[in-house]
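Here come two complexes built around subunit A, the first alongside subunit B, the second alongside subunit C.
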Partner chain A sequence: MKPYLLAVLMNMRDQLQRSREWGIFLIRIIFLCFMILIFHKFWLVLKAGETHMVIDPVSFLSYLTVGAGLQFSRPEGRVKEIEEEVRTGNIAYRFIRPIHFVLLNFCECLGVYFARLPILFCVGTGMIYLLTGSFPPINPLYLPIVLGLLILSACFASLCMVFIGLSALYFYDPLPFFWIVQKCEYVLGGLFFPIIFYPEWFQKICLMTPFGWTGYGVSSLIYDFSFDNALTVFLHLIAWNALLLGALLALYKTVQKKVCVYG
Partner chain B sequence: MDKLIYYQQLIKTGYKQAFALKKVFILRVLFMILNNLMLLYAWHLMFLNFSTIHSWTFNDFMFMTGLVVLTFSIWPIFFRGIGIHLMRLIENGELDSFLVIPRHVLFSVGCSVCDPSGIGDFITGILLIFFSGLVSLSNLPMVFCFIFSGICVFLTINILISTLPFFIKNSSDIGERLFYMFFNIAGYPGSIYSGYLKLIFCTLLPVGFISILPVELMHNFSGTVFMFLIVASICFLSLSIFIFSYGLKKYESGNRFNIHH
Partner chain C sequence: MPETVIIADHLTKIFKYKKGVLGKIIENTAVSALSFEVKAGEIIAFIGPNGGGKSTTIKMLTSILYPSSGHASVLGLTPWKNREKLVRQIGVVFGQKSQLYYHLSPTDSYTLSAAAYNLSSREAKARVHELAKQFEIEDCLNLPVKNLSLGQRMRCELIASLLHRPSVLFLDEPTLGLDIEAKYLFRSFLLKQAQKEGTTVFLTSHDVGDIESLCHRILLINHGKLLLDSDIQNLKEKYGAGQVLCVERPSGKIEEISLQTTTKLSQLKKFFSSQPFSNVFVRSTDLETIIASIYRK
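For the complex of A and B:
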């Protein structure tokens, strides 16, 4: 376990120490602030047009901060790096190392999430307070549970990225699949709008996919926490993570057999 | 004329290269269309719930999205080299091979790379504008002006971001993020912006030139606003080219000559 733990820690440290990473991260922070500002306006406009809103502005913005925080913490470049390794065949040199390629990449992604998520949440919380005068409506005692579930969400996203990267074996350029997964997170995961805004039949479809649980499932706990809900989200996240990990390991075995050195 | 033929040949070569992997080419185009339609569908569901967002209907939103996507698509189709590619060339000191060509560096680099996914955006944009129901024969010239203005704005942002490495070292990744941030902000209904935010988006950060003003002009035409839109877009573009030319004087060669296609 030690090398994997070190991979998480090293990536966390890289994110926090390198000025180049900070530059990119700063843009993400500014973008998050813009998003919160835009969605605050958006809520006000919706409120002005509708007599009944199902969600108050603090809950709406807190929901957005969790979802957007997860999105903006994502190490997107990882897909390209893995894809490049598969395409050139350089991945073959990784097979002989005593560290599992999939787990190493997964841990490196997690390290980035661990470094970025807390900062984005703090900035988001500050913005929410500036705009509404209130903090996210969650009991601080429940916060560790939500954070734990967020880590499971981040695990799913990390596994997804490694999976898409490895699928370069079949598709040569798997980036289009990454776009679609991203859009699934937006739409089916209710990244910016809680899926309660959607018609009921579409909400059911969303919750049949993993994105409904990694996005809406976790984010909605910030304003509607209950142990029952948290347990349901936890079980779904574990199941989807296990499923994806299984598929990923199977794909990795195929890559080991079929990859061509020098592409 | 010679210059046009040169740029045309550059673009043609880029597409020949991209089309060498036919399946990848088609996959990128199709998935980009699907990608755009998925997001539009989510907004459609939102509009089903609220019917209008500050007086904007789904048709208005469709028109806006079409305009954003169509004007954005011109960049990957014709000028994909401007942006991250150009920033990397500047950062690595590899711009020399373009500097010795008697053509404008910006457009030579811009036309040297192409991205087929832009074709998907282009098709989506045309379809959305057409099916929005806002376009008729009488306002078609105006729509073309909006498209022209949108292209100018996206190119301006791209060119300005491409000049970053002249002034700040290792800024290519930051620049790329900035551009996508700008594109993402342009994707929300312009009707939600008011007050200082609208002012910022219609001046300093001209997202409003694509996502706010065109739809407003389609409903309530104002000659002054229309002229402002067109003239300001051209001024922005000219200014960005000027800033790039100024930045180019600060370029430091890496003494690495590469042969480019």
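For the complex of A and C:
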């Protein structure tokens, strides 16, 4: 496991050291702040017209920070890199290293998440405090459990990216699949609105997909934590991660056999 | 008797292309029933013209490609079946492809590789230091790989491939694009390493300098078939007849006649008497000429 742990740490360090990465990341931080601000205003307008709200603004903004934090921490460039390696056949040269390509890329993605997520959460929490005068409504004792589930959610997103990249074996350009996954995360994962706002039949559909658990499932714990909820989310995340990992390893095996590099 | 570390037995690779979506499949035989053996500690030049099948063979022996048929064994392992085991015992350098992590420094790449090879960090550091010193590359180890010059990168690649003291080293055109000084360093370093650690080296190169200064034996392939398997001395004697008689005419033009064991005195008399000459000297046939003549045949 040592090389994989090192890959996580090296990528974390790289994210925090390289100015180019910071340039990209700063834009995301600004966007998150802007988003929280817009939704805060939006919530105030909604609140003015309604007497009863399903969740209060602090809970909603905290929910938004967790969901958007996961989205904005994603190293999506990795999909293109893997896709290019498969398409050009260069991935074949990775086979001669004693490091598993899938695990290495997965760990590299996780390293980026680990570097970006805490910063985005701190910034988001700061913004929420500035706008509402309150901190996210979660007991700090439960925070490690939510963080653990967030890591599982990041694992699913990382596996998803490697899977889409490797699918270049069959599709010349698999990037549209990535966009589809992204849109599913927005809608089925309830990125901008918790799925409790959706009609009941659509909520059921959302929870039948992994996105309902990686997005809404984890993010909703920030305002509605219970051990039962956390356990349900945990089991679903484990199941979806295991399923995707299995499919990914099968795809990788096919890539190893079929990828062609001439001359 | 040294043990055999590489065996290729009727190794064949056929690439298949589909012409259009519903078009017929076109086959291109890159390697055809190739058979040879390499003993431990040998330094082999695996040569041939472009498109001859050298790189495809190396890729099959290093588990990058699956063969269409035939068998191969490297250190007793079938490359495509025992990939994970094999890659821990061999080192590979492809001149045109970097094995290092592009966005990391060579040191980071070595740290990752060392962990994968189960080397302790102390052991790995000592090994990198030893290799980097020999290769005069200590200053570049902490720069990102993408910022290194070709010569620096190639030396770093070689260090990465030797980190775990591999028993067999596969080098595919490792001196491609290097300047004379870098080539010289590369060769002397490789020779030292091979002698010191008894590494078997399987080298493909278009640079005859690499072959002459490093290799004991030549395997020559073309169109995927083995044309020749000979040690260099035998090759020179058999195909170059060792010597070339050179005659400098008063105009400065140099004419040559190859001295074969079958060369007749009458031929030499005719050669000398055809025109006046100002100088006569004998030189050995160079390997490049011999190889070129075999390619032509």
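The rule is short, and it goes like this: the second predicted complex is superposed on the first by the 261 of 263 C-alpha atoms of A that agree within 3 Å, B and C clash if a C-alpha of one lies under 4 Å from a C-alpha of the other, contacts with A are read in each partner's own complex, and residues count from 1 in each chain.
In this section, a residue touches a chain if its C-beta (ideal position, glycine included) is under 8 Å from a C-beta of that chain, and two chains touch if they have at least 3 such contacts.
All values derive from a computational prediction rather than experimental measurement.
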So, after the overlay on subunit A, do subunit B and subunit C clash or fit? They fit
Next on the checklist: Taking the superposition on A as described, I'd like to know which of subunit B and subunit C A:Val45 touches: first, second, both or neither.
Outcome noted: first
Quick check on the superposed pair: does A:Lys183 touch subunit B, subunit C, both, or neither? Answer first, second, both or neither. first
First (subunit B), second (subunit C), both or neither: which does A:Phe135 touch?
neither
Could you tell me if A:Tyr170 is touching subunit B, subunit C, both of them or neither one (first, second, both, neither)?
-> neither
| task | Return first, second, both or neither, reflecting whether A:Phe202 touches subunit B, subunit C, both chains, or no partner chain. | result | first
Partner touching more residues of subunit A, subunit B vs subunit C, is chain B
Once aligned on A, the angle formed at the Cα centre of subunit A by those of subunit B and subunit C, in degrees rounded to the nearest 10, is 90
**Study point:** subunit B versus subunit C as contact partner of A:Phe193, first or second or both or neither
**Key:** first
Per the contact definition in the header, classify A:Ala7: touching subunit B only (first), subunit C only (second), both, or neither. second
Looking at A:Ala92, would you say it contacts subunit B, subunit C, both, or neither? Reply first, second, both or neither. second
Min C-alpha distance subunit B to subunit C after superposition on A, in Å, is 11
So the subunit A residues that subunit B and subunit C both touch are none
Residue positions on subunit A within touch of subunit B in the complex are 20, 23-24, 26-28, 30-31, 34, 37-38, 41-42, 45-46, 48-50, 171-173, 175-177, 179-180, 183-184, 186-187, 193, 197-199, 202
Subunit A residues touching subunit C in their complex are 2-3, 6-7, 10, 14, 90, 92-93, 95-99, 256-257, 260-263
Note: in the complex, subunit C contacts subunit A through residues 15, 30, 51, 55-56, 59, 62-66, 83-84, 87-88, 90, 92, 94, 97, 99, 103-104, 108, 111-113, 115-117
Seen from subunit B, its contact residues with subunit A in the complex are 21, 23-24, 27-28, 30-32, 34-35, 38-39, 41-42, 45-46, 48-50, 52-54, 117, 170-171, 173-174, 177-178, 181, 184-185, 188, 191-194, 197
